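Before anything else, here is the set of structures, which you'll find just below.
The same chain A turns up in both complexes below, where it pairs with chain B and then with chain C.
Right after this comes the complex of A and B.
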């Protein structure tokens, strides 16, 4: 069709499309999904782990959730190696800001700077775009809790609830129906698990396949806290939501 | 350890407006003595204490009496910085930058020994235009074993098993600590000892004092205390 306009990121097709960017989004559509929901007292991020093999070394670090600064975290969907580069860039940028201004970086500014980097790869240099979509969750003093979604083109938006990765369209429409303003974190977690269980390809939802992270204010000190759910707590949450299914025969 | 102290240029001549600048034309003061400081750290039984004075001066004039010289890096690691105040603040901010990235990448806190190496490397990078600070690092290692060390302004580490001192009052502090210190003190006794050593030493130094700030860290808790000494 318009194959001759595919190979370079830096040119438009006659229909006004950037094929490389769209192909990047295709790649993300095959990756494990991630959901983010903004609650009144925090932000909830849930991710589906694509690779779960018994042979995989149990790692303490998360596969889909990354802390960017004390008040900022992100969930990732797409090519993990691309994501690692961008997360490093984000972490450095956040610290440089903190060094200059002695203040934590506002969430939108960090998202914007990362998206500026991503945009550069769609306009010059001749390098392919990053095959990653992010869901950023954070808190700052001016705007409180925020959730942002960004894609390989460098576009980003603030969302109340968003989904990236496999079956994100289905997840997004489900979220649109069931999301209510002023949800608490607990309700948001329950909603996220419900939506994921319906849209995930896997037949059974077990704690090993999911990652859950929350950004909230510590009740006593008022400091922003990023907490990754432990596998045990994850299991309990799934049971509470009535979503656990018997593990398949090995 | 670095012995030669670079000297500050004389202040420019100006019509005397206050008694301070008129007759007391200050002699060339070392840059390390510009703000005045006293920092000390001691090892106890499964705990450590780090303390500093609270004076911030501009040569002979006292400008603040609540100046912070002991900074937290993480729950079990503290950094005390004596010397030029602006360098102390900047050095601390740059170390926080590096430590935060370390924490994010390695998903754990830095060990005190590692942090000491980091500080040393950071200081040596400025070998020919140094930070005019003498840091003291005090922390509890992985097995909660207390660790203290100090280094000169270009990063020469000095590990010690008992105590380390720095600042304009360092000579008095050496004497006070040497005589008052004994090994394996419990936190309460360690607090008393370090406080007495600090207060008696800063009293002998006109550039440091105006109270003290003492931190005693055990594996389970951190106790901060502010001392009231001779307020001069």
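Right after this comes the complex of A and C.
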């Protein structure tokens, strides 16, 4: 293999590939998966938590889902420490826009700026790329609800349904088969759980292994809301979808 | 006009010296604006004074900004031109995103507030009072916006605004007679009433005005025109009557 072209991120291989970027995507392929689905009344993000040891302290913060601004959230797959840096950058960027213009940042502008940062790490500086793929879910007044997927190369695209992380290809093809335009959030959640249950490596789907977040408009006020599903509500959803299996220790 | 002297003295002293704007040189006077049924109307005269001289008489102090806004400026005219340049850069980069989004009047007002306030904090203000008005389609329909920001960064929004002497002479009229959803013709009448008072009573105003409007269809800046004034008062006919002697 052309190993001699691996050591520097900022050069092409003779076949025109950026190996470091590809290796970053490999790393993400071993990480917990995340799914995003665009519904008519919101965006649904579901993530698989890889680390579920009993010894892990129950922490208030989420592992896969992050709020970037009141109208924007993301799910991550990959190296968490890399993700934290980028999420911080995204949050700062959103707040700077809000300070200057007193309005929430348009979703695609935020995604594009973040991806420009990621791209920079593939072209100069001699630093390795970020080993994270994101699923951004947000709402703005011009384009309504949107879902974007970005990868270590700095490429991004708008999607109706997308998957990142482990078994993302299988998940993506399943989504392609079962996704229908105009799904409601409820239907999107059910679909996401169904797809995850089939593609996840672990044998059973329990509430501790999943995180679910939704971006939608509050019915009364019309304001954008980001909501992380509580473990209890998660359990109920799984039961409703017929996906729970009794836990081995009660 | 001793700004240069201060700098020369400071330079001669060998230190960096302080750089601060002390006073404006070429100034535009009042701008009046109000919301009406279809959007926002803005008006001002086309004069710019050099101290007490009415030096420039065909100056356009209201300009379109992007697709959704109008800006009117009073105060130092060169600073107003600088602000227009900043807004040009802003609208250009907004356009280059090419993503279906465009900055509305609220965003531009917020941006200008940041610029003005940060300059004042450096003791190098842009010596202006700016009025920013516009209409943009929002989730609740067409949202009209009218805001003001001045050289120290004070900013607020209202249904009608004025700068300079307009604050003292036009605002009382607007407070008494402005109503929600006036037609274009009604708004013009009210604005002309204010402009006339300013023409009579503000010595730095001239009888050449421009009216501009902004609606969802876009902005229109009308060509300049003059108002009819009435000087036919009996006391003006023989001004020296009653003045005894030449002392």
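The working rule: the second predicted complex is superposed on the first by the 248 of 250 C-alpha atoms of A that agree within 3 Å, B and C clash if a C-alpha of one lies under 4 Å from a C-alpha of the other, contacts with A are read in each partner's own complex, and residues count from 1 in each chain.
The working rule: contacts are C-beta pairs under 8 Å (C-beta built on N, C-alpha and C of every residue); 3 or more make two chains touch, one makes a residue touch a chain.
What you are looking at is a predicted structure, and each value in this text was computed from that prediction instead of being measured.
When the two structures are aligned on the shared chain, A:91 is found in touch with chain B, with no touch to chain C.
After overlaying the two complexes on the shared chain, residue contacts for A:61 are found with chain B alone; chain C is out of touch.
Judged by the touch definition given at the top, the superposed model places A:108 against chain C, while chain B stays out of reach.
Residue contacts after overlaying the shared chain place A:135 against neither chain B nor chain C. With both structures placed on the common chain, the touch criterion links A:38 to neither chain B nor chain C. When the shared chain is aligned, chain B and chain C each come close enough to touch A:99.
The interface of chain A with chain B overlaps its interface with chain C at residues 99, 102. Against chain B, the residues of chain A that register as touching in their complex are 60-61, 67-70, 91-92, 95-96, 98-99, 102. Residues of chain B that touch chain A in their complex: 93-94, 96-97, 100-101, 104-105, 107. Note for the complex: chain C touches chain A at residues 97, 99-101, 103-104, 106-111, 114, 138-139. Across the complex, chain A meets chain C through its residues 99-103, 106, 108-109, 112, 140-143, 222.
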